Amino acid sequence: MSSIFNGSTLHLSIFGQSHSEAIGMTLDGLPAGIPVDPDRLQQFLNRRAPGQNDWSTARREEDRPEFLCGLKDGITCGAPLTALIRNRNTQGKDYESLRVIPRPGHADYTAQIKYSGFQDYYGGGHFSGRLTAPFCIAGGILLQFLERQGIIVNARILRIANVTDDAPFLASVADKLFPAVSDEASRCMQKTIAEAHSEGDSVGGIVECVVRGAPAGLGNPIFDGVENRIAQLMFAVPAVKGIEFGAGFAAAEMHGSENNDEFCIQNGSIHTCTNHAGGILGGITNGEEIVFRVAFKPTPSIAKPQRSVNLESMQPEILEITGRHDPCIVPRAVPVVEAVAAVSLSDLILRGNDTWN
Amino acid sequence: MSSIFNGSTLHLSIFGQSHSEAIGMTLDGLPAGIPVDPDRLQQFLNRRAPGQNDWSTARREEDRPEFLCGLKDGITCGAPLTALIRNRNTQGKDYESLRVIPRPGHADYTAQIKYSGFQDYYGGGHFSGRLTAPFCIAGGILLQFLERQGIIVNARILRIANVTDDAPFLASVADKLFPAVSDEASRCMQKTIAEAHSEGDSVGGIVECVVRGAPAGLGNPIFDGVENRIAQLMFAVPAVKGIEFGAGFAAAEMHGSENNDEFCIQNGSIHTCTNHAGGILGGITNGEEIVFRVAFKPTPSIAKPQRSVNLESMQPEILEITGRHDPCIVPRAVPVVEAVAAVSLSDLILRGNDTWN
Amino acid sequence: MSSIFNGSTLHLSIFGQSHSEAIGMTLDGLPAGIPVDPDRLQQFLNRRAPGQNDWSTARREEDRPEFLCGLKDGITCGAPLTALIRNRNTQGKDYESLRVIPRPGHADYTAQIKYSGFQDYYGGGHFSGRLTAPFCIAGGILLQFLERQGIIVNARILRIANVTDDAPFLASVADKLFPAVSDEASRCMQKTIAEAHSEGDSVGGIVECVVRGAPAGLGNPIFDGVENRIAQLMFAVPAVKGIEFGAGFAAAEMHGSENNDEFCIQNGSIHTCTNHAGGILGGITNGEEIVFRVAFKPTPSIAKPQRSVNLESMQPEILEITGRHDPCIVPRAVPVVEAVAAVSLSDLILRGNDTWN
Amino acid sequence: MSSIFNGSTLHLSIFGQSHSEAIGMTLDGLPAGIPVDPDRLQQFLNRRAPGQNDWSTARREEDRPEFLCGLKDGITCGAPLTALIRNRNTQGKDYESLRVIPRPGHADYTAQIKYSGFQDYYGGGHFSGRLTAPFCIAGGILLQFLERQGIIVNARILRIANVTDDAPFLASVADKLFPAVSDEASRCMQKTIAEAHSEGDSVGGIVECVVRGAPAGLGNPIFDGVENRIAQLMFAVPAVKGIEFGAGFAAAEMHGSENNDEFCIQNGSIHTCTNHAGGILGGITNGEEIVFRVAFKPTPSIAKPQRSVNLESMQPEILEITGRHDPCIVPRAVPVVEAVAAVSLSDLILRGNDTWN
């Protein structure tokens, strides 16, 4: 299936290459009657768009989606919704060498092995981070849908390299150019990125996502739990190397009496006193905040010379990647993480009843 | 789909509840002609089976699979392979109260919300860790299949609570009763478990898995990469709260020049000088070792009194879980992690060609 | 996917071979709270079971399903429902020759080509009509479910060889041993079967199915309409060679003004004045009776000598099939057709809303 | 899934409405390295395109596909292939009344029930026959692929209303404007269509498809056989009301000794002496010609006045459909039937091995 996600109800098809005519997505399975606000969608897409600041690639793309079908008068009509973004700023440089001398940390080598030279290696082709733009079209639409159900998805930068933002995550940082909570941590993180950049290097980081207002009972046992779904979709995003829910890896160091979230009654309804489970028990939401964190590796495209191999001559080569790339992908990944959460949760919300009566 | 995993070629259906007549699995999509060695399968299942030692539940089940179909003379015949394990040691105690007073850290509460009292709450029902036994039947068969292709899957305990085994993971620890590499770390880990046990508590840990011999080119872009698949399946295992590949969360702290795996030539073929990617670039194997780590939370069933709520009276309750449970699930989870890797990779290996010529 | 049907909500896994330990099915995706009446299910299964009369094979199997899981106190619990039927009457004769000398009209030859001799050729293996028994377990459960929603599924024998039952299909014939409407046509059909039988031959026929009470709005455009689903499932039944909905092939001979079903108002609600569409427009039910007909070829196993080829020696052979087989499969196929309708429609009914508001 | 077909290897997403910005398709799962000849594709699409002759709608659309991605230098690159066709000739008339007064034989009524007025009712929206154009893009590409494997797919008009073309189907009729075999039958059929047209009426017909050169062993048991797949896809085409394979409904009238295809040796390889099975046994190809026939109902849009109902006032209405429509859809359906066959068979050919050794 590769580039089609078959959820319980939603089906998301992502298509395009970095330098093809267009990239885009089809979202199939949406009920009719869901309004789409194009301005708010554009605002959301702008958070991911490149070329806006110091830590993002200089490739400027407006990332304005063109809707082909699926809407009538701005409202879903029950038919598949397809939108695309034209690639305008393409093939300005020669990528031919990348097929022969693969970039460390990129899919150049594995794509060559798999597709025997037929792959589109311009700009990383179908493996490019640019493919997260259509993902964000789907996510942006579904974030609006969720918000109408009272479900709010917020992500933030938790860490850049060795700088952590310890501030509690109480409100959205979507309006910030650099979406961290603490302004002090933010400055420190940006400085870290700038330093790496000036050295021709890059840094990674961690994005944390919190979902508020999700009802209890979403998700299903074994293969179709909330965690399975979010994880499966999250690794569709380039540079993701880890994901954890609730206490996550820290839970592995805890005792049960510490990690277990005891139940209590608050305002007449049942809650847990803590939330080490990240809002998910047995793959199913328990009504608490859904919390997960995603590890992003540093951008593999760096200016520093690196060792590679010429696949034709089988001789070592020193590779110097020219052009400008994001010295840190993490700030632009924040809305992408929200999009992943939105697709996963909307898919589960749109299912039929789990109890029949 | 919930309890059916639809891979690219393999389809795994897991069925059963902790106290139903039987638990089992159907593996659909296996080609004909694959031999299954029942003795080696039984050895593999024994590594997961309960009741064998101090850190595992006293519930004894032999976990002997009964094959219903799919084999002819011990070789797959192209039809779905179904095997089941009878539940013999069931309903020895009263679980009725669990429906009303949910156990912290378990799916009791979320199952009640979702299934409105119709769920089978005995022993956790379909959410029980016992459902990893049929998963291991599938995994055990596929580990044999992979081994015949020269692909070896090994997992080990990397950490229990705050004790880490720093020894390099060079050889299988499958024969060890406590599957850690360093004997000293092993003793320390077992002591930690025993102490938690004696306090009526439990501990979590981390399992590391290494796959050697996998060819380059397995996995697909976007939604169907090796990481997506392993992660999706891994969260089917109760108590898993995080997964990371290669350097994982540590990569988030690195610079690109440090994390990138440079290419070099070894013995005439292309390799990476390091393996921070965990053998996966762009979702596709690069021929290096596939490495991932899985975080398990501490067993939620503990003897210590815990606060819960009576769902009928909506009054607080103090819950004391009687009976014996694994004070640490991690040792028995090691073969389960191997099974997850085996299902994921076999599914990708059995696909048709990615290049047509 | 082969032996797993992945519907919109329901997932049906069929497993087993004619002479394996057992055959069975897993039905995944059923909501919790649906009662299953085992006696009525058994009555339904008895309609399909072999060995009851003159036109069915002498192989006697009780076809009593054993429920392994998925029910609690006779009500679905939200977990997969698995049931199996033991094969008791197996391997009484030698099927070894069938691998080498394929029976005309059977899957012996194609299975050999596909599975290279590893297939289970005893009794047709996974291709046996016996696999319709687990299909009927799923169907029988879902017929009960549909009936509770006021949806009644009835099938009947419409034709045997050249004998047609022209009587209008107004009430269930499920209680009849030979499920035709007109008693006169029934006698004639039975005589035709008996004559073919006495000549060592077999006959085919047509089954008609009518679904009453299905609401308007079931089914979806393009690939997931009611017709797509029923057709896809119907061809899972051995010997089916054609299917038509409403006027079907006769519609090809009509003018639009004749075939179009005009709309009218009856008792205050909208209906069509005729029902050439068989209750389906654009893949979606319109609230009228769903009507379809299925063509079954004559049983391929006949006593008359037939020409075949020895696949090893590549020499012509004259094959004489011994043992007794159904001289006409059609009477036993009637409940199977109902089962197919029940699975298809239940799957569509259990979906979430198509309009969100 | 609705408008996404998930095959064993190929995934086809169809999107668009009759009057949306564009219609199109994404074909996912194609291996890299498959050439696409755009001129031959265009020739194929022209056979389906409207506005070319007397029996087709006057709406002229060039149906020139624009490829967005998935190709590099005219060869598949392993990434999803997306192509679209702009709708230029749209909204020239008022379809508003169709929402309120549904056309008999169309999906107007069922779409209104399902989507509560949010559906795009212009020109039939997503239910329009125009959506077969993107289907033909996929099919046209895959027909080229099949041809390179020596597999030739040909369809022809077998019947229009009560006129049958009895001529044997030995060679392609793709070059004919009216794709029947016998010129005499062709004239008679065209006369029948013209007469119906002049009366403000329409006629239906039957298309026959023959696939030559398909290897034995394609298709899988139970749900994934060749017949299941072709049937599932065929009912995605508007106006299809029946399908039969080989002898089809006629087999229901035969005796087993007549219908069974005996095996014989021709030129040193195994064949069947007849082909009542239509090349498929047990869902799997046997190496003979694959033969199936598809029944198309008469075009529901006719000029003759018809009774309908005003859904708002709930009063009877006499509907007169203005504008011009195909008086017979069958000639343009011929390439669509070929496209369905091509998608079904290519999907099965691209699977991995069924026997592992």
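The first chain written gets the first letter, and so on, giving A, B, C and D; residue counts start at 1 in each chain.
As a working rule, a residue touches a chain if its C-beta (ideal position, glycine included) is under 8 Å from a C-beta of that chain, and two chains touch if they have at least 3 such contacts.
Predicted, not measured: the structure shown is a model, and the values here were computed from it.
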- Item | Farthest chain (mean CA position) relative to chain A | C
- Message: Looking at chain pairs A-D and B-D, which one is connected by more C-beta pairs in contact?
- Response: A-D
- For chain A and chain B, let me know how many angstrom lie between their CA-based centres, rounded off. 26
- Could you state the distance in Å from the CA-based centre of chain B to that of chain D? 45
- Could you give the separation in Å between the centres of chain A and chain D, each centre being the mean of its C-alpha atoms? 38
- Residues of chain A engaged with two or more neighbouring chains: 1-4, 6, 8, 14, 32-33, 78-79, 111, 114-116, 118, 126, 221, 354-355, 357
- Mind pulling up the chain D residues that touch chain B in the complex? 8-9, 31-34, 78-79, 145, 221, 350-357
- Using the touch rule from the top, collect the residues of chain A that touch chain D in their complex. 1-4, 6, 11, 13-17, 20-24, 26, 28-29, 32-33, 66-70, 72, 75-82, 84, 111, 114-116, 118-120, 125-126
- Contacting residues of chain C [partner chain D, same complex]: 1-6, 8, 14, 102, 104-107, 109-111, 113-116, 118, 126-127, 131, 159, 161-162, 196, 201-206, 216-217, 219-225, 227-229, 231-236, 238, 240-249, 251-265, 268, 270, 272-273, 276-278, 281-287, 295-302, 304, 306-309, 311, 314-316, 354-355, 357
